[in-house]
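Just so it is clear, A, B, C, D and E label the chains in written order, and each chain counts residues from 1 on its own.
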Amino acid sequence: MIIGKVVGSIFSTRKSEKLVGNKFMIVRPEESMRADGNDLVAIDIIGAGIGEKVLVAQGSAARIGCDMKDAPVDAAIVGIIDEGQEFTDQ
Amino acid sequence: MIIGKVVGSIFSTRKSEKLVGNKFMIVRPEESMRADGNDLVAIDIIGAGIGEKVLVAQGSAARIGCDMKDAPVDAAIVGIIDEGQEFTDQ
Amino acid sequence: MIIGKVVGSIFSTRKSEKLVGNKFMIVRPEESMRADGNDLVAIDIIGAGIGEKVLVAQGSAARIGCDMKDAPVDAAIVGIIDEGQEFTDQ
Amino acid sequence: MIIGKVVGSIFSTRKSEKLVGNKFMIVRPEESMRADGNDLVAIDIIGAGIGEKVLVAQGSAARIGCDMKDAPVDAAIVGIIDEGQEFTDQ
Amino acid sequence: MIIGKVVGSIFSTRKSEKLVGNKFMIVRPEESMRADGNDLVAIDIIGAGIGEKVLVAQGSAARIGCDMKDAPVDAAIVGIIDEGQEFTDQ
């Protein structure tokens, strides 16, 4: 998984019917987890807001782990990082 | 998922029979979601046109989420981004 | 999927028995789809020759989409791009 | 798999219920296995501590190989590297 | 798949019980198939030695294609490249 910040959202009227009802957030991975140009779009099953720090799962984990086995989803916000609780040695 | 712009299409006469009937679009990820050299080819289940901004799902999500469980497909256009609706904080 | 050019082939006598009978081609992604150092080895179910421009599927799509569900295959040539048919509106 | 060092941990109170009970460690891939900005968050099924050198599996291997088939998990610490036992020719 | 050279091995006493009995080799992708910092750890089902040039499958292909469906394995050595048999046009 990676940690990122929710920096935006998108709307799509014409989309796969399997995606109807989902929110699509733009997530920017945090510095130590990002190369240039790797923001991503993730569905949000937690209810994260713009500016929140979130945990993102990618690949089949997003689809299967969020009970959307048959949907074209490859990334999902699966947790909100507790404020002041991240600990990094170095 | 990533957001990209449809910049072209390809045709392939000699191909896996499981791919027959699909359109293959060339998608260029948008600036914040791209490194150098990562355009990709995606099937299109939505009917996107050249120049449109689209949502692309990758990996098994493309195959399974687009009802092509048995086809050699690893990327699909699954939505068209609403014009003027993308919001990014920063 | 990505578009690449077949630039070589490899032979492996000692290999997984599930790979017996396959051809292994070296594919170089085309400029707009490649970073430095990302040639790859793909099995070929189409019969592509050296120098041909091909469509390559990666991940589980290669394995499942090419009827090799149980084989250690993560990339496959699944189409040959029609000459002069690629269109890119950059 | 990759080798990395556990450099931190995160806490998430609001998260997918399928993730409850897991520890989330921040792993920094070792020099020869990392590009800039590719730390990652992995669940820990072994009981690794901060500073330990670990083996990390990614993708569906993390989810299925750690008996969490239905959880949104895409990376897991699956071993602790024996001290002084890593051997690299060059 | 990618081609790489076996440059080392690792040992892990405390590991997932599903990994018991496997050899873990460090593989360095060859020049045309590598970016900076992308050595990887692969299980070895072929019996490759240090210095040998090998074919590596990644992702679910490694796990399923090597009859380790339930193990946290995401890369495997699945063939040894025949000496002098690699052919690359350019």
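Heads up, the rule we're going with is that a residue touches a chain if its C-beta (ideal position, glycine included) is under 8 Å from a C-beta of that chain, and two chains touch if they have at least 3 such contacts.
Treat the numbers as computed from the prediction; the structure is a model and nothing was measured.
Chain centres here are Cα averages; for subunit C and subunit D they lie 31 Å apart.
Computed from the mean C-alpha positions, the centre of subunit C lies at a distance of 19 Å from the centre of subunit E. Along subunit D, residues 35, 59-60, 62 each make contact with two or more other chains.
Interchain contacts close the chains into one ring where each touches exactly two others, per the touch definition above. Going from subunit B to subunit C and on round the loop of contacts, you meet the chains as B, C, E, D, A. Subunit B makes touch with subunit A in their complex at residues 1-3, 29, 31-35, 45-47, 55, 57-62, 64-66, 76, 78-82, 85-90. Those residues of subunit E lying in contact with subunit D across their complex are 7-16, 18-19, 24, 26, 28, 35-42, 50-51, 59-60, 62-63, 69-75.
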